[in-house]
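A, B, C and D are the chain letters, set down in written order, and residue numbers restart from 1 in every chain.
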Amino acid sequence: MAGNSFGSLFRLTTFGESHGRALGGIIDGCPAGIVLDQDAIQQELNRRRPGQSSIVTQRKEADTVEIYSGTFEGKTTGTPIGFAIHNTNQKSKDYGHIKDSYRPSHADYVYDQKYGFRDYRGGGRSSARETASRVVAGAIAKQFLKDVRINAFVSQVGELKLEKNYQELDFNQIEKNAVRCADPEMAALMEDYIKAVKKEGDTIGGVITCVAQNVPVGLGEPVFDKLHAELGKAMLSINAVKGFEYGSGFAGVAMKGSSHNDQFNADGSTKTNLSGGVQGGISNGMDIYFNVAFKPVATVLQAYDTIDKEGNKVTTQGKGRHDPCVVPRAVPIVEAMTALVLADYSLLARTNKI
Amino acid sequence: MAGNSFGSLFRLTTFGESHGRALGGIIDGCPAGIVLDQDAIQQELNRRRPGQSSIVTQRKEADTVEIYSGTFEGKTTGTPIGFAIHNTNQKSKDYGHIKDSYRPSHADYVYDQKYGFRDYRGGGRSSARETASRVVAGAIAKQFLKDVRINAFVSQVGELKLEKNYQELDFNQIEKNAVRCADPEMAALMEDYIKAVKKEGDTIGGVITCVAQNVPVGLGEPVFDKLHAELGKAMLSINAVKGFEYGSGFAGVAMKGSSHNDQFNADGSTKTNLSGGVQGGISNGMDIYFNVAFKPVATVLQAYDTIDKEGNKVTTQGKGRHDPCVVPRAVPIVEAMTALVLADYSLLARTNKI
Amino acid sequence: MAGNSFGSLFRLTTFGESHGRALGGIIDGCPAGIVLDQDAIQQELNRRRPGQSSIVTQRKEADTVEIYSGTFEGKTTGTPIGFAIHNTNQKSKDYGHIKDSYRPSHADYVYDQKYGFRDYRGGGRSSARETASRVVAGAIAKQFLKDVRINAFVSQVGELKLEKNYQELDFNQIEKNAVRCADPEMAALMEDYIKAVKKEGDTIGGVITCVAQNVPVGLGEPVFDKLHAELGKAMLSINAVKGFEYGSGFAGVAMKGSSHNDQFNADGSTKTNLSGGVQGGISNGMDIYFNVAFKPVATVLQAYDTIDKEGNKVTTQGKGRHDPCVVPRAVPIVEAMTALVLADYSLLARTNKI
Amino acid sequence: MAGNSFGSLFRLTTFGESHGRALGGIIDGCPAGIVLDQDAIQQELNRRRPGQSSIVTQRKEADTVEIYSGTFEGKTTGTPIGFAIHNTNQKSKDYGHIKDSYRPSHADYVYDQKYGFRDYRGGGRSSARETASRVVAGAIAKQFLKDVRINAFVSQVGELKLEKNYQELDFNQIEKNAVRCADPEMAALMEDYIKAVKKEGDTIGGVITCVAQNVPVGLGEPVFDKLHAELGKAMLSINAVKGFEYGSGFAGVAMKGSSHNDQFNADGSTKTNLSGGVQGGISNGMDIYFNVAFKPVATVLQAYDTIDKEGNKVTTQGKGRHDPCVVPRAVPIVEAMTALVLADYSLLARTNKI
């Protein structure tokens, strides 16, 4: 209820602040019998890790996950999987300058208003560092999902927009460039652009496109818990996300029904897929695809005016080690949240019929 | 879990099929002591009602709500509010033609796959008729919220897009035209366009913009249940919705952090509001605004090819009384879901501090 | 959250006051494909109905259930089952005498304290009339459970205690007497005793024993949601219940481990069953059995002293049509709640393994 | 849903096996601003710790809790409190003898049936070691509750039953004897008896009585989530519990309504308290008291017959370091669960009225 859990049957609860002792979580409801590849979990964490390339934050965090429970002799036992990632690179002193003032477009002000005070070190709980726990859980969900393939990639940075359809792209390219764009040429342009923005001490937004393939028909609970509604919530819960669209999305608005409708093939598949793999909130077996819009990171390495707790105007200099663009590191987070939704809804779908 | 409930503390559960005996719901957790204006509830239902103008479906439904419980001597008692709307205009024979075949981009196919069979009459549970129950609950939530003002309006139909900012608009205009566009001139253009589309037997999509004003600071649970994430889920759970964006939304992607950040005034309000009234998932007291994209209605009054249950190709003629464009009637639904989210999060916010 | 829902995957939410227009509920998560026997549902309601014999309240209520949704062509569809029972025998005037004063050991005082005011007619929401909705839902759950046999019976009234083990009893006797005791001789004694108590204008408590047979191994979620913990909560949620014990229960306290342990047979069944069919919170395939203690009904038809809202002493005469002993009519309620728990946990058990 | 969470607004989720790396949990929803006394938390853990006296298991576990998050500058922040207790005394080899056979009246058999296999070391997840996490969370809940006083004590061991009413006892005596009985004389008898049972290699059951005082009026959600129903579930979720009764309990069955009813004083308090502080599922401000029945521990240090996974008969010798009677160490667990329920319902009660 206080918002630190996600999912119902395959449920993740996370804890941890940016500069606390550790962050981590509990996965409750993970079915027994999954042969767990712990390297694959760490591998996903590494994709999210700071310092992995020159266009991401240069903070150093080992981000090593310790699994405390829920596995035995290499397999999940059906009991809760508790895990933690210890913080090793806490430089709390770095944050003295934000202790008493509010950074614009951060959560500083609202946390103080809501809770009466806040852990100001590195954003505390509002830091995207929390998403490391999601990546761990998503990596486990992926292993449960097995046949489902989830690929996310950067499709826009600033005004640089990949106009190709995802079917024209080679997902094997994604991990071959620092931006995680599925198109090598566009990736190079994006990388240069991010570097230029970084040099200005500024930041820029981006879009991630995610494609889930081989999803069985029938996932999704109609009415309030439609599959795409839960995916949308999952994505909107990621730090810095401002928008979500699936299938035809906002562009579908300008289409007429006669051309928007996806005609059936004899096997129940459809000739087109403007539905984005979901109809009436339920997966129809076609590829599920959606876009997630990220705003520019709020922390700019420039001087800016703001207020302190008493409302006095103060001038501050942004500093620290921050991402000039969040999307390259957000790709594994988008995939993780997608996996969590699909794992949860896979379990739910076991209960629909006698 | 089966997806027919929304909210946690102020929780709506709905039931009912398009052509069943009745639809309705239960609101659990509505606080005691609200002086309930039952006319205002019916008034909201009337805004959603079929047959209200020439650009919406010409079905006739009284849509009269009966409240069974939870009120006494004109006030809510804190016990669950059960209500029903009896279906009075069931023409089940109209749907014989879809009994054995699947309408493209409807939920027919996936329901059959998921549940083994379906109530095919008028879409059954997948019909947007279910949203009548949401409007009832939203109307009650509005009365609980009291000082919060929620205004939704149509901001795009097909390619006709209202380029004005919501601050430039007069919300009093919304109910004065059949489209529910806040700009009278644009409303006239949209109405003509919808009529033309209707004449073709076709349908068209649209966008609804919603603005919630006077929302207190501090609503929203950080991490997974961010205020905008729950709003996004609420909107994406409405039939035909393909996208959601709040604040700067997809356009924010192309902005730099230095210009995207909302600078503070001395009182904690911000000079700009690209954040859309939510920071770190928590309301900051500024206007909350967002856009909701609706696809064109799938039912077109034209001949089309599809398949039957055995996968045989069949040719069908779309018929019945349908909306050529869903957005005029969806305006009160968007408002209702917004009210439900805000009511729920208002109650949650009572529990944050000692 | 506000406490009007029970279960997670097979979930019942109820509404309705004793003297409101109607009471009823929504069952969400009932699997599709159950051939629904509506007569069997009404039959269960009839077992709970007022006026069925001379030892229960003489109120007249038809208690006819109307099912509004969730079934089609005689089968459940997997969508929510909404239902209502209209109140037909509301004699609100009867309750003028309790409008301004608090009946001892009723919920009058606490409702006023908690909610600020209350629907005083017949106890409002605190009336056991709410359990009619549970009986409807339980009857549907029974049809889902199919092979499971649930039999409850009265095993004690006042000091009259059936000392026989349930295995010595013939469950076919239960419905053959007004008390619903499985032993005809004891039933006669109990009936006489209840009549005598009634004549005094007094009331008496009782115990119901419930036995669930043919329950598959593996139901129950260990740790907090142990099968017997949920059964206990289910029973304690029934009006007037003061205690719950399963298997060896309170008597097991005085036993030593060496004689309390249930030794295994080769097939995994056990030679004894002091465990009551549940070990570690999970069903082991043996009979589940438990006792439920009911206090004497608080409404006595005698004069009594109490206070009014201002704390002034008032003397009142208990009147109306009330049960001298609640257990005969509570038998179907105990069975219904048992069925709801088992249905819910049966669905949950589908998700334990890959 | 998988049963490892307790509570809704003040919610504990636990993880960990008896012989895994660590056990622990996350408390989500703990309000911000509690000045946290970490020594008091450890103190509660020490009350539950093995090896604390000669009548409990002689295992050695430091049981030191590490708090990872959710506190800052000595106060709770409103964000989730993650914590862990590392296992330091794992002697997994001790459990080779139970790897392939099922201990009678343990959870071995049902875990294998439910999940396909199990972590057999020390009972794995089914071990009462999990309750250490509950004690940590309960200790924090107690600090939130502040004015509420919760005292549990042993009131029966085997046939040795304390016949005094709790009002006649001095709660300060509880921690002064190894049994945690509030009566010193009875404590001595009980202690001797437990030692005698231990010498036989046998075990014995017991009863814990718990009293919660100074609970405000109005806690408890009527209908399914009655305060005593949730307390009952909380208690029944503790390992080895077979029964729960509150107020007059099973003894109330034999009483008549005229003598069972609690007459009001002018201030709303009652002259008697057979209701046990709860009416209609809602606290009425009087003392809440209840009894919890524990069966004898299943592990006896004697030879016994059982079966292996293939159903073959095997003879085994019980060994290891076990409690001859569970109730002395269960006292802090009962208090912890009581505190968790009251904390949760205190938050819920903030949402009842406008």
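One rule holds for everything that comes next: a contact is a pair of C-beta atoms (placed from the backbone, for glycine too) under 8 Å apart; a residue touches a chain by one contact, two chains touch by 3 or more.
Bear in mind that the values here come from a model prediction, so they are computed numbers and not experimental data.
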Identity of the chain that, by mean CA position, is farthest from chain B: D
Winner on C-beta contact pairs when A-C is weighed against C-D: C-D
Separation of chain C from chain D, taking each centre as the mean of its C-alpha atoms, in whole Å: 26
Distance from the mean Cα position of chain C to that of chain A, given in whole angstrom: 46
Touching two or more other chains - residues of chain D: 1-5, 8-9, 14, 29, 32-33, 78-79, 114-116, 125, 222, 351-353
Parts of chain C lying in touch with chain B, wherever the complex brings them together: 1-5, 8-9, 11, 13-17, 20-26, 28-29, 32-33, 66-70, 72-73, 75, 77-82, 84, 114-119, 124-125
Sites on chain D touched by chain C in the complex: 1-6, 8-9, 14, 102, 104-107, 109-111, 113-116, 125-126, 130, 156, 158-159, 197, 200, 202-207, 217-218, 220-226, 228-230, 232-234, 236-237, 242-250, 252-258, 260-268, 270, 274-276, 279-284, 291, 293-300, 302, 304-307, 311-313, 348-349, 351-353
In the complex with chain C, residue positions of chain A that touch it: 1, 8-9, 29, 31-34, 78-79, 144, 222, 347, 350-354
